[in-house]
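Both complexes below contain subunit A, partnered by subunit B and then by subunit C.
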Partner chain A sequence: MKEVKLMKGNEVLAEAAIRCGADAYFGYPITPQSEVMETLMEKKPWETTGMVVLQAESELASINMVYGGACCGKKVLTSSSSPGISLMCEGLTYLAGSELPCVIINVSRGGPGLGTIQPSQGDYFQATKGGGHGDYRLIVLAPNSVQEMHDFVFDAFDLAFKYRNPVMVLSDGVIGQMMEKVVLAEQRPRWTEQEIIEKCGDWALTGKTPDRKHNIITSLELDPYAFEKFNQKLVEKYNKVRENEVRYEEFMCDDADYVIVAFGSSARIGMKTMEMAREEGIKVGLLRPITLFPFPEKPIAALAERVKGFLSVELNTGQMVEDIKLAVNGKTPVEFFGRAGGAVFSPEEVYDALKEKLIK
Partner chain B sequence: MAEFEVQKTQENLVYSRTKVLTDNVMHYCPGCSHGTVHKLIAEVIDEMNMQDKTIGVSPVGCAVFAYNYLDIDWAEAAHGRAPAVATAIKRLNPDKMVFTYQGDGDLAAIGTAETIHICNRGENVAIFFVNNGIYGMTGGQMAPTTLIGMKTATCPYGRDPKLHGFPYKIGNIVSQLEGTCYVTRQSVNTPAAVRKAKKAIRKAFENSLAGKGVSFVEFVGTCNSGWKMDPVAANKWMEENMIPAYPLGDLKDI
Partner chain C sequence: MKEELIIAGFGGQGVLSTGKILAYSGIMQDYEVCWLPSYGPEMRGGTANVTVIISDKPISSPVIQKFDTAIILNQQSMDKFESQVKPGGVLIYDTNGITRHPERKDIKIYTIDATAEAARRGNARIFNTLILGGYLKVKPIVDLENVFMGLKKSLPERAWKSLPDNEAAIRAGMEIIKEK
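Coming up: the complex of A and B.
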C-alpha cells in the first residue's frame, strides 16, 4: 500500500532519512530548516531503526561527526542553511579529500553574512564550485517539490556510495517550508555490520581484523607528485559523474524560441511564466537542471543550436548563468534575471524580464 | 672472540615489541614524548586484546601520522575536530574502543569547543592529550599552554600575558564537567612516570568500555626541537618548568 501524506518539505527530509535506512543525523538548529532535527527528535528513530540523532554544538562539529560516521561506512547525513553550510566547508573538503560518502542538505536562505531567513539560491557557487579549499566537487541535487525532498535523500545516498563522494541536496526555504502531497517509500533496513564490511570493507573503519591491513581515512600526503595523482584520480571520478549522472527536465523545448533555465523553486515560478507566454503565443520552453553538478551542459548546448536565447532565472544576482554561458559558448544570447537576499520574483516579473531582455 | 647465538625462548624473553606497533620508523625527533606515548597506547591495546576493536582518531599536529605507527583502524581528523569525529565513531559503533590523540594546539586552541562538548556530553571515548607547550609541527609557535616568559617563534621575547594572554589548564576545566569520569595529568620523563602513564591509559580505555564517560589523560611532554634544546636538557627543563605549572596527578577519578 502506498503511503501518501500531506507534509512540509523539512519534515519529509527527516522522514526520508529514517526510511532510507540512515545510520545517523547530526545537526545544529538554523532557520529555515530547524524542523528537520525537531522532527527526527520527535520520531525517536533510535527506538525503531536504531538511527542515531544528535544535536551538535556547532555545524563545525556536526559536519565532523558526519565525517566520523562516514569513515565507518555508515549512512550519515546533516542538514543546515547557508551560514551553517559556510561553517561546514572545512569538513566538506576533508570529506571530499578522503572520498567519504555522506549527504548534506542545504535549505538555503538569503546571504551574504547572517542575511535573511527567506529563500535564496545564493549558494549555487558554494555548492557547485567548492566552498572549501582545493580541487573537489560535490554531487549536487536540486529538488523543486516536497516529493523530490523525499526522493533525493534516497538518491543522494545511492550516489554517495556509488562514487564515494559527498552529495549535497541544495534546496531553499520555499521547498523546506511548503506543504505538498508526498508518496513515502517503504522503510529500508539499515545495513548490518556484515553488509558494511562487504560493501565498504576495503576502506571503512570496521576494526582491523587479522585478515586485512589496517584501514586509514586521511587526506594527507607529503609527496606532491603522489597527491597530484590523487587529484587526477578525483578528476576521473568527477568525469564519470559528468558522463553518467546528469539529470534535468525539459518542458516545451521542442518548438521553443526562448528557453528559461531555472532550478528548485525558481523552476516552479518559471513554469508559470512559460504558461503565460504560451497563452500569448510566444514559444517559451523551460529547462530545469536537477543535478547542478554535474551540470546539464550537453542538452543546453544542443538547444543553443536552434533557440533565439536563454534566460537564466535565479534567486541570486547571477550564478548559474555562468555555467549556461559556458555551455552555450556564444552561440546564442544568454540573459539573466534574478532577485536576491531572500526576495522572490513573481511569474509576471520573470515574464517582463523575458520580454525586455530577449523577446524585445 | 667466540661467537655464540642468543637462543630466544619463552624463559629468557623479557621484552618484545607489541604487535600493535607497525614496522614504520617514527618521524618524531629523538627525545620527543610522542613516541613513548604511542608505544604505551599500543601496548595497552595489545594487552587488552583489543586490536581488532580499537579505532583511533589522529589530530593535525606532529601526531598526525600516528596512523602509520599503530596497527589499528584510524581516522585522521581536521585540526581540532577529533572529538567530534570520535563522537560519531563511538555512537555508531558502541562495541568499539575509540580514542583521540591530540596536541595542545589541536585540543586546547582550535578545537576547544569540540573538546569541551565531547566532555560535556560524556561520550564513552578516551582522550590522550600531549601537552608540550608549543606548536611542534608548524615549527615552534606559541600554544595555549606556552608558559609565561617562554620563547617561541611567535613570542620571540617570551610569552607576555599582556600581549598573548595566559597559559591555561584545560584538564582542570574538563574535570569540572559532568561528562568526564577520569581526568589525570601524567608525564613520561622517568621510567616510573612511564609505568604510571601506562596505567592511566589502561584505566581510560577500561572506563570507555564500561560506559563511564570521557577519560582525559594529559601527558606533559617535551618538544626539544621546538624548545631548541637537546633531549636531556629538554627533559630537565620540563621537570623544572612545565611540571610545576602543570602538576601531575589525578584531577578526577570516579
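Coming up: the complex of A and C.
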C-alpha cells in the first residue's frame, strides 16, 4: 500500500516535479509559493535524479532559462505567483510562438499590481486569454486539492509534449498553503538523451546529425503570409485541444435547478454551499471546470437548456463569468458572485449570494 | 464524524504545529483532514491561526466561518473568534493574558492554564501539547495511540527525543482542563 502523507500544496508541487522526471526547475521566490523552491532545495534532486534546481536572478531570467531547456526537449518548469507571472508574460508568448513544451505554475494572489499575498483568482484572464501578446493559448489546469497539485504536474507535462505547447497549472494561495492527505507517485526516470531524440528529435535542438536537417527554434518570421499560415496552424492545434482535452466535474447537476460554476479553491467552497442548500431542499448542483482552457463550454450549454440559472463564483471581480455567458448564450440567467484582492468568501456568503441573485 | 476547529493565538505559541499534530492524528485514524493556516503579514508578531477539519467523509470547503471548537490563546483571537463558535460548540482558552473573558451562554466554555503548567514543569515547549491534551479530553475524536503516532509523524526525527515529554504533556493537559 502506498504511504499517505500530510503535505502542503506547494511542497507537493516540488515532489511531483522531481517524481515526474523533470530535468530542471528555474524560479525566483515569491509568496505564497516560496515553499516550492524551498522544498526542491531541501530534497536536492540533483544528487538523485540529476534534476537541476536553480534560483535565477529574476522571473525574466527564470522563464528564459525555461525557454532554453525546452528548446532541447528537456522537461522544464517554473513556478511563481501573480506579479511574477506578469514578469514572465513575454517569455510565455515566445514559448507559445516557438511551440515549446513546458510547465508554468501560478499560485496566484491578490492583484492588480504588487497587490496582496492572500489567495485570489484574479489571473483567470491572464492565464486563459493571453498575458503576453499575439494569438496564442496556454493549456490551463486548475487543481482544487493537494492531491491534484501532485497529479496535474504529471498531466501538465504530458499535455505540453503532446501538443508542443506551454501548460499552466493555475492554483491559488489556499491550495498552495493548505495541507491535506496526498499519495505520491513512484519516481519516474528522467528521459535519456536517446529517448529525447526519439520523442522530440524532429524539432528539438538535440545536436544535428548528418541524416537530418537543422532544427530551428524561433518565433520570428519576416514574411507575413508565411506567418499567417503559422497562426493558422496554431489555431488548428488549439481546436484539437478544445476537442480532446476538456476536463470538468459535475456534482448533483442531474436534478439541479441552479448550478454553481467554480474552479480551484472556489469550487471547494461552492461545494459546501451546495451541501448547505441541499440540506434545505434547494436543488443546487456544481460544475467545476478542471481545464480553464479548453473551457467546458458544451456541458454548460447542455445544462443551460434545463436549469433556472448559473452562479459563477470566483475570487475576483468577474472573469470566468464571461466564458459561462458565451457558453449559455442567453438561454438562462448567469449571475456572478466574487470577492477580490485576497479576501476569501465563506460558504455562507456564497449561499446568501445564491439566494439573493438567483433563487429569490 | 466531522470536526471543524480553529486554533488561534500569537505566532510562536505553536498554533500551526498543534494543528499539524491533530491533522496527522486524524490521518492515523483513517480520517480525511484539511489544515489551512493564516499566512499573511499577521504572522509577524501578531495573531496566527489555523483551521483544521477532520471528517470521516471527503472535505468540501477548507475555508469555514463557523467552528465546532475554537481554541483561543490570546485576547485578539478571543475578540475575533468567540462569535464564530457554532451554538452548542466548544471554546477552550488559556486564561493567561486574557482580560475580557468569553461571555456566550449558548456554548460550552473550558479553561486550561497551560502557560502556568508549562512553567511549573520548567518546559515552555510543551505548552501546545498541554493544550492539545485538554482539547482531546473535551473532544475525544481521535484515539490517544493515534495521537501519539500523529505527534511522532509531525516531528522531524531530530526532535523525537522530546516525544516522552510531549506525550506526558498531552496526558497532563487532559487532567488540568476545567469546565467554566
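The working rule: the second predicted complex is superposed on the first by the 359 of 360 C-alpha atoms of A that agree within 3 Å, B and C clash if a C-alpha of one lies under 4 Å from a C-alpha of the other, contacts with A are read in each partner's own complex, and residues count from 1 in each chain.
By definition in this document, a contact is a pair of C-beta atoms (placed from the backbone, for glycine too) under 8 Å apart; a residue touches a chain by one contact, two chains touch by 3 or more.
Remember, predicted model here, so these are calculated numbers, not experimental data.
S.K.: Quick check on the superposed pair: does A:Val344 touch subunit B, subunit C, both, or neither? Answer first, second, both or neither.
M.R.: Touch partner of A:Val344: subunit C, not subunit B.
S.K.: Regarding the shared-chain residue A:Ile217, is it in contact with subunit B (first), subunit C (second), both, or neither?
M.R.: A:Ile217 contacts subunit B only, not subunit C.
S.K.: Does subunit B (first) or subunit C (second) touch A:Leu205, or do both, or does neither?
M.R.: A:Leu205 contacts subunit B only, not subunit C.
S.K.: Which partner, once the models are overlaid, touches more of subunit A's residues, subunit C or subunit B?
M.R.: The larger set of subunit A residues in touch belongs to B.
S.K.: Touch check for A:Val235: first (subunit B), second (subunit C), both, or neither?
M.R.: The answer is neither, since A:Val235 touches no partner chain.
S.K.: Quick one: is A:Ser265 in contact with subunit B, with subunit C, with both, or with neither? Answer first, second, both or neither.
M.R.: After superposition on chain A, A:Ser265 lies in contact with subunit C alone.
S.K.: Applying the touch criterion given at the start, work out whether A:Glu57 contacts subunit B, subunit C, both or neither, answering first, second, both or neither.
M.R.: After superposing on A, A:Glu57 lies in contact with subunit B but is clear of subunit C.
S.K.: Using the touch definition up top, name the residues of subunit B that touch subunit A in the complex.
M.R.: Per the touch definition, subunit B meets subunit A at residues 51-55, 57-58, 64, 67, 71-78, 81, 84-89, 91-93, 96, 113-114, 116-117.
S.K.: Going by the contact rule set out above, which residues of subunit A touch subunit B in the complex?
M.R.: 23-24, 26, 52, 54, 56-58, 60-62, 64-69, 71-72, 74, 76, 90-91, 94, 98, 205-210, 214-220
S.K.: Which stretch or stretches of subunit C touch subunit A in the complex?
M.R.: Residues in contact with subunit A: 20, 23-24, 27, 32-37, 39-41, 59-66, 153-154.
S.K.: In their complex, what parts of subunit A are in touch with subunit C?
M.R.: 4, 6, 31-32, 116-118, 173-174, 177-181, 265, 268-269, 271-275, 344-349
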